[in-house]
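Next up, some structures in structure tokens.
Presented sequentially are two complexes of chain A, the first with chain B as partner and the second with chain C.
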Partner chain A sequence: MKIINLDQISSKPMLPEVKAAMIDAINKDYHNPSSQHKSGEAAAEALEKARSSVAELINAAMTKEVVFNSGGTESVNHAIKGVAMANAEKGKHIVTSNIEHNAVIRSLKRLQSMGYKMTSVSVNEKGRVNPQEVADAITDETILVSIMHSNNETGTIQPIEEIAKITRERKVIFHTDAVDSVGMVPIDVQKMGVDLMSFAANTFYGPTGVGGLYIRRGTRIFPLLDGGVQEGNKRAGTENLLGIIGMGTAAAITRQNLDKWTAHCLSLKNQLLKELPNYIDHYLINTHAEHSLPNMVSMSVQFIEGESVMLMLDDEDIAVSTRSACATGSLRASHVLISLGLSHADAQGTLVLSFGKDNTAEEITTFLIALKNVVTTLRDISPLYQKVSQG
Partner chain B sequence: MYNKVVMDHFRNPRNVGVIEKANGIGEVGNPLCGDMMTIYLKITDEKIEDIKFQTFGCGSAIAVSSMLTEIARGKTVEEAKKITNKDVAKALEGLPKNKLHCSNLGADALHLAIQDYEDRKAGKKRPEAVRTEKHEHAHGENCYCPYCDIEIKEGSTFCEACHSNLEEEH
Partner chain C sequence: MKIINLDQISSKPMLPEVKAAMIDAINKDYHNPSSQHKSGEAAAEALEKARSSVAELINAAMTKEVVFNSGGTESVNHAIKGVAMANAEKGKHIVTSNIEHNAVIRSLKRLQSMGYKMTSVSVNEKGRVNPQEVADAITDETILVSIMHSNNETGTIQPIEEIAKITRERKVIFHTDAVDSVGMVPIDVQKMGVDLMSFAANTFYGPTGVGGLYIRRGTRIFPLLDGGVQEGNKRAGTENLLGIIGMGTAAAITRQNLDKWTAHCLSLKNQLLKELPNYIDHYLINTHAEHSLPNMVSMSVQFIEGESVMLMLDDEDIAVSTRSACATGSLRASHVLISLGLSHADAQGTLVLSFGKDNTAEEITTFLIALKNVVTTLRDISPLYQKVSQG
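== the complex of A and B ==
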């Protein structure tokens, strides 16, 4: 039976053209793109073609501003640690937000243990950063601001352009983790004004395990991986050419279809939000009404726990994601949800639904019907619902 | 993630509900890590005549509650006092290491309910259950790092093996 994938933020199916391009590349037996003979040059040509496609997707001024790597996490580590190391003599202070992905948080914690200092700006109850607070946090010692473009748990989009105006004025490097945005919403790095941007191929229907870091020309940053001179001496190591070719193909096709696919995802999101009260009550929507990804809904279903919901929906062949402590293995509720002001109990009942171009309106309805049954069943078991229904 | 026995108890939990005229009630739990459990007992002639549970928690927590009530039903009070979390996990044919944490609530709730029964018998007034926000973990059970599964000391805030903070503040 076909599984309804409403957990597309974790994994999207590859485009058929991407699969075809990668299989073709496997059969071509591409050589090492760094080799100087004919075989190497053919591989290098394929590599650069992919790079152009990705550069066009994000409107980079120069193709070589795109550096390929193993994905979003590596991009974030490179951006944060690379800037920290390269600018240590200028200062050791970094500004970030309190809703970043663990890749940002733990990279910064690593730097903290090495003597760097951090200021974490809080989001408001709607999950948005106030650019003025970022400006107030910047000091003469600040070398980097890292604020994510969209949040992977709530889908809320941050005021990146406004923040970039501030960082350009104060001459501080600005990195944005845009892993869930690139390929989902129009991204123009020149218009945004960022210096560094992390992204990953799977967000735009490419393979997992490959991504890129946009590095604006002139940005002072050390490589994360030292070794050979690949990727303009910015990321050593023989390139994952198969993955990169897949990524390039995905970028080209996504760019042509972005508006259409975005509109489709938005219609599913609106359908879900509109119909939901007809199926369940006692829930909270954590996604920002105006500034959010068109394909994400984060909802906290009260009085029940997320992993239970996920397992029961799994039994119905519906895949969703949850941010409960048990499901993420973290022993604590999500720091992102707590920062929005949710209670721990409510945060544990959070489902994250994310769509892609292949999801349909019928699938949303199927999900809602299944959700109603699952929620009823779990609330019958829950002592918290008992207390509420007794008044 | 879970074996067949656990999934059966999760999908078809036994003994869900409340006992209106319970003579022993035990509530344990912690919204911080997302598991809360209430056990209701009807004890007659020092035997558990009826037992029901309510749980807010993950698949593991629900399965543990269900299995626990099956094990405890019909036992004498003295026998029930001897039931441990390990017994429940064993009856479930094992839980993933990072879920043993969830299983800690089961036997504790039962023992609290038995304590409540004995206190009521002795005419003692029990204090209201205080739902703590602090992550308490004092059951004498083994703890495992949720990231790398390695055994860690109870109450640890840092895992030496994978260098993870277990009590992250932001």
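== the complex of A and C ==
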């Protein structure tokens, strides 16, 4: 039976064009793009073609502002640690938010153990950072602001342009983790005004394990991977050319179809939100009504465990998640949901639903019916729900 | 016309089985191995199957001692920076050699700028480190010894087992950069006694941009990429599953064929070394006669520029290199060759030849004939050679 994938944020199928391009590349026996002789020329051309496609997707002013790497986590580590190391003489203070991805949180923790200081701004009950709080947190010692573009558990989008106005005025480097945004919503790094932006190919139907860091020209940053002269001396190591070719192809196709795909995902999201009250009661929506990704909904089903819902839906061949795939195995309540003001109990009832271009309205309906059954079954054995429903 | 690839160290064609496995994986639409629901199970299985194959190739005691990443450069950066950060309380002194790859050199330079101290031992005129010098360099502050297994420009192999005996006795962590060795010669991490070993899939006919770090259980090391819980919490980030599947397949096939392939490469190397005097004179062999990779020869052709030889051979569809692909663009004489005691002039005349299982005896002969023509042409216009040949 076909699985209904409503957990596209942890994995999207590759585009047919991406698969074809990668298979073609596998069969082409590309040489090393850095080799001295002519065998490497075709590889170097393929590499730069992919870089152009990606640069166009994010509207980088210059193609070389795109640095390829092994994915979103490497991008984030490079951005944060690279800026921290390169600007330590100016200061050791970094501003971030309470709802960042583990890649950001743990990179910052690493820096804290090395003497760097953090200020983490909170979000309001709708999940958004107040730019004024970022402005207030910046000191003369601040070298970096790192605020994510969209949250990987709720899909809520932050006021990046407004924050960038502040960081530019205060001459502080601004990094945004846009791993779940690039290829899902229109992204224009020049308009946004960020200095660094992390992104990954699998968000826009490319392969996993390949991503990029946008580095605005002139941004003071050290490499995370030191070694050879690849990627304009910004990221050493022989390139994952197959992955990069896949990423370039995904970027080009996504750019052509972004409006259409965004509208489709949004229609599924609207359908879900509109029909949900007809299927279950006592739930919270954690995703911002206006400022959010078109393809994500975080909902907390009260009085039951999200983990149980997920497993029972899995038995029905419906894939959903309760948290970031990067946090699988952790039993603690999501720091993102707690930051939104949810109780631990409500946070434990959370489902994260994420769509892609291939999901259908019928799948949403199938999910809603299954959800109703699962929730009813679980609430029938929930003492808490019995108490509430009896008044 | 088919190119004769005698620069296999910068790029080897993938095995047909690797290509087939990767194409199969592309068509399988694997889900995220870390996803919570059953869709990710097949991906997790494929990941662990690859890990087993790689662990077997290097004879790791435990499969989980293999940590997948984006290649040799990441492995080296992880090993060196991860140990330095995790053991800073014990001390900040590291012992290395004069002939390491740029990934090692530049990782160490980065640490030096953070207050770490280095001792770099020299090599003898044959290119080998004296283990006693390593022993003498170790102090109470020493936390790491990093000495490469085989050199990427000469192929000379270091006395790793002897050095490991010393580091174990002195309780210092030992990392070896075996990027050009693993899959080319038999490697047994237990017998060698190293704590950390860097390697890459493309050395053994796998894809580029994927590699591994062997981390002996109990070795104190921090991640280089902080974030999610992938790779046993040792390397965050969604995995390059396609690349890892390719690497696992390459490891399995290589393990089966290693003896045969090694013998074949060695026969080409012996043919080259034996016949060379029949074609040109005035050259130096920089590769150790006994302790060296079966597939590499570094030779310095005197009185001419290696770069010119490389370009003229390229016109004849013969690919060779003059240095590491990671150092392309650099005009400085190789630090490896200078460390061997070569003059700058001789170092500039260097060709690095590297073979693979598909090279043939005929190709070696074709190369030798072409080399003779090129060298004759270049020496005809070399004032230095005129002087020497006239007495």
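One rule holds in what follows: the second predicted complex is superposed on the first by the 386 of 391 C-alpha atoms of A that agree within 3 Å, B and C clash if a C-alpha of one lies under 4 Å from a C-alpha of the other, contacts with A are read in each partner's own complex, and residues count from 1 in each chain.
Basically, a residue touches a chain if its C-beta (ideal position, glycine included) is under 8 Å from a C-beta of that chain, and two chains touch if they have at least 3 such contacts.
Since this is a predicted model, take the numbers as computed values, not measurements.
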{"item": "Touching partner for A:Arg332 - first (chain B), second (chain C), both, neither", "value": "first"}
{"item": "Partner chain(s) touched by A:Ser10 [first = chain B, second = chain C, both, neither]", "value": "second"}
{"item": "Touched partner set for A:Ala319, first chain B, second chain C, both or neither", "value": "second"}
{"item": "Partner chain(s) touched by A:Phe303 [first = chain B, second = chain C, both, neither]", "value": "first"}
{"item": "First (chain B), second (chain C), both or neither touched by A:Lys109", "value": "both"}
{"item": "Contacts of A:Asn98 with chain B and chain C, given as first, second, both or neither", "value": "first"}
{"item": "Comparing the two partners chain B and chain C, which touches a greater set of residues in chain A", "value": "C"}
{"item": "Which superposed partner A:Leu224 touches (first chain B, second chain C, both, neither)", "value": "second"}
{"item": "Contacts of A:His344 with chain B and chain C, given as first, second, both or neither", "value": "first"}
{"item": "Contacts of A:Thr376 with chain B and chain C, given as first, second, both or neither", "value": "neither"}
{"item": "Touching both chain C and chain B, counted on chain A across the two superposed complexes", "value": "109, 307, 311, 324-327, 329-330"}
{"item": "Of all residues in chain A, those that touch chain B in their complex", "value": "98, 105, 109, 120, 303-308, 311-312, 315, 324-327, 329-333, 335, 339, 343-345, 348, 380-384, 386"}
{"item": "Chain C residues within the chain A interface of the complex", "value": "3, 5, 7, 10-11, 13-14, 19, 22-23, 26-27, 29-32, 34-40, 69-74, 76-77, 85, 101-103, 106-107, 109-110, 114, 200, 202, 207-210, 222, 224-230, 236-244, 307, 310-311, 313-314, 319-330"}
{"item": "Residues of chain B defined as touching chain A within the complex", "value": "2, 10-11, 13, 16, 18, 27, 31-38, 54-62, 98-99, 101-102, 133, 135, 146-147, 165-166, 168, 170"}
